[in-house]
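First chain A sits with chain B, and in the next complex the same chain sits with chain C.
Now for the complex of A and B:
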């Protein structure tokens, strides 16, 4: 009896300190199922494929995690993704060196994030609404500027290969950037005073203010970080395809939010981490590849993701309540 | 004598004035407002050419006649039947002099279009016709566009002329779009009739995910050696996939619609052909016809087929420049 309660309390501690635990369990379960049902699932190509999809989505999701822990949302990441990729494409075609184009693309993302942050914080508008508006605004501008046509850059360069080229056979360098982003953002969140401020801002805004944290500044900074990571992901995708159509990134915001939520981060803020998001995006990538390799029609992908999302949220909420009891 | 000459000149002057006055009364300058409502918005290069056609027709008519022709193009940025219906209703509410519309979802468009036709607004179907038998069909005037099913059939035949594939893959990006589904159906049926298995798979819009779907599919079905892409968005990803996997030429790729990417791939030998509906005409001709109908009551006797036309190694060079200018 005593052993059981000891086990329970240690499990509770585990869930309290590791929001990613639920996602890890789901990831392992689904992995085992696909090992049996999917052809050539356990191969380097398959792993590389899952990581490739997870990397671009993951860089966007890392930014969303950061912002969601602050208690805010960004629906405009898909549009930011498109705007940055388009900026890089247009500047490359204009003969501007790719390094400078890349800098300008990130600057565009910085600006979008800053606008999102300032409108949300200064005018006290829910970020859901602000970023819904900017999502439409930037997508509309993309469509208007390009007239609907894709922009193609025919040149090649080592810069683009470095952003998203091959290494070790089927693996792509985007995976390296993804892990670098996860490492850096995770370190900021868990090991620096700024990370503490982020958690405090999302957990209890008033208490954070009393502690002397500039809540508004933290929020605006995190909007900027989120947008810049979306911009980085856009540039990374452009580096592979050398072309951008004005719809690039459409729907990405919802997939990224789904991955973050599956990873255990709470939409209300103050709770969550990057490792959970890592598991979340791997899960999304794995479900897509696994379903196709199992011979299930690709039409089913969205339905499966929907079920996983609901199950994950229900489980995470229950576990958290239990752990905090 | 002198006075007769004078009176003759005066008479001629009066006659000229009278003719000019009468002629002016007959061809009095008018303003016509037309709408092109489509399921495809500015996000797809295909519709960029249609939009150019609409714009050019209105400009040419306004410049070449005394009348003013306004043509407005509307279409959702992302495929959505609801939005198409909403846009159509808004267009009808302005009581225009004519509408050209894509019948992507006959059930959803039936009621609003019948109402518009009953109210006396001329309606032309473009790009996708109502596939139902004539008695049940929405009573639009005629159709300007390609023949979707025939396009799929011809695509399959072209591939079979080169060689008989072991297994064929059909990439579709807008699931449930009648036109795309018909292209896929025509292709799959001809393949099946020739003993080739063919499967339709949704690849969606994101290129990275689309390529992993293809990679996963090829892992499951390594015998796949023919791909048919039903639109320009999946086409670009398939070209990239074939390049990355070094399958260009080994896997026969037949495409639909024209983009810079596919033209380049045809030149390089990665893509066998692409089918064009010559969709610029689907934006241009309805405006011309709606004008001629409103002004002079002209009506063509039949549907006007703008496609399928083929672009392959034999004619790719002559079309290339026009693709860049947004005509193809």
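Now for the complex of A and C:
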């Protein structure tokens, strides 16, 4: 610390206490670039488009952030997303009120999260493996039950409009839910004793255990929260399309994890926050819209995200190492 | 039941892990305001005994008395609630969290929001952590700093300060000076002496007999899961203890 100038050491403190800093810089940079290259990038329609995509992904990513800070991982969120959306679609078509269908969809997600958590904690296996398994399991069940066909709901309801309807022109209510989720989860993490326990569990499981924190309970709870947020996102997307196919949510887990990691959350746990994830998903939404508006074929999206992901993690790692010197 | 002279009394403690008999019928006591050095070579059973004392492991057999009352400690939380505070060499603090948050981890002061939800009382956390550490002579630049920036000695100091603040009756130190410089080791030993003056009892586990000899009142020596014996400081020299640890029970 001594040989660093005052400016340097206050910058170091900024990086240490704000994992999201790198993502914010990247977000601003990419925004500026697209302002020049993409026509009509600076318009309400464009912003609404970005937010619509970012919100659904963001609710899933919020759950992943929570779980990753706990030191665990969930690859099955895409399948959970699909299972919940399908549950809502099937119950709606069966004439069950949407409110009850929504409850059942979340209950399904709750169950998936509980299974993930219990298997991981009880058998002490990496959650990467547990959730890789359950990801395939639930996707397979989804395909088997539907025979591979999409399910469409023809009715309309105020319930679905509330989940993901329009307001102020092109904007969608999913954006409101997204910000509510970000706010609530961030408050839990940064302002409550439970958040403290979560960071401690992810930071050093054994230390947390000897300090009297029931790390197993914390882990299982956060698996459940992560799955339920994925389920919520699934219902919200169903409300936008009024239909769901059995492959819905495929690949979403990786996109969500990418957004979380770009946002500065450490894969090893114990460090990160929701603001970073917010920047991460906005970045991805922006790249998606921006590339199309710049006239690039949509295929380039994945390639771009790949580069951004690696750049972001390299930068974040370097910054963190420097800040801790 | 009559009031016991011991703060901690463990009788006939046995613990087996699979085929390994880690502890065999061990008696262990700690008096009030007493510093006990728990010594023995690797694999002697020191850590197992400590983990039983602090609720991490539950013994297969044996009795446990705390202030003369029979107790069953089945979780670290219960041990902590009773006033048994442990400072592990590598597990004292969470690296990526701030000093203040580490200080209150597991026992955070809260403010009720809307009478239902517990919110961290951040102001109190920062203020109390700073004052409590200062009070026992630990000066920290800022309690918002991450623990990973601290030296090994500073970490031990914070963990000891935390124990004192929360009114621990027994402080268990697991190799507190193992990775420290000579200067820092001395500081930690001073904190231990200070803790005893404040009325705490201490169990001190170490390989460095000279460190523990300077502060302990009594030594309990373990070998292969069995107790070699208890030795008061005036009966033995540091060299004697080293000899007993090295040569085993035969030479006693």
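The criterion applied here is as follows: the second predicted complex is superposed on the first by the 321 of 325 C-alpha atoms of A that agree within 3 Å, B and C clash if a C-alpha of one lies under 4 Å from a C-alpha of the other, contacts with A are read in each partner's own complex, and residues count from 1 in each chain.
Operating definition for what follows: a contact is a pair of C-beta atoms (placed from the backbone, for glycine too) under 8 Å apart; a residue touches a chain by one contact, two chains touch by 3 or more.
Everything numeric in this text was worked out from a predicted model, so none of it was measured.
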Three-chain arrangement built on chain A, chain B and chain C clash or fit: fit
Of chain B and chain C, the chain that contacts the larger number of chain A residues: B
A:231 touches, of chain B and chain C: first, second, both or neither? neither
Which superposed partner A:206 touches (first chain B, second chain C, both, neither): second
Chain B versus chain C as contact partner of A:292, first or second or both or neither: first
Chain B versus chain C as contact partner of A:247, first or second or both or neither: first
Touched partner set for A:196, first chain B, second chain C, both or neither: second
Partner chain in contact with A:271 - chain B first, chain C second, else both or neither: second
Touched partner set for A:139, first chain B, second chain C, both or neither: first
Partner chain(s) touched by A:22 [first = chain B, second = chain C, both, neither]: neither
Superposition-derived minimum Cα distance between chain C and chain B (Å): 36
On chain A, the residue positions that both chain B and chain C contact, one per complex: none
Residues of chain B touching chain A in the complex: 41-45, 47-48, 51, 77-78, 175, 201-203, 205-209, 211-213, 215-217, 219-220, 233, 236, 240, 259-261, 326
Parts of chain C lying in touch with chain A, wherever the complex brings them together: 54, 56, 75-77, 79-81, 86, 88, 90-97, 101, 104-106, 108, 110, 117-120, 122, 144, 146, 148-149
Residues of chain A that touch chain B when the two form their complex: 38-40, 43, 45-46, 49-50, 52-53, 56, 139-140, 143-144, 146-150, 152, 237, 240-241, 243, 245-252, 285, 288-289, 292-295, 297-299, 301
Sites on chain A touched by chain C in the complex: 1, 16-17, 191-193, 195-197, 199-200, 203-204, 206-214, 266, 270-271, 324
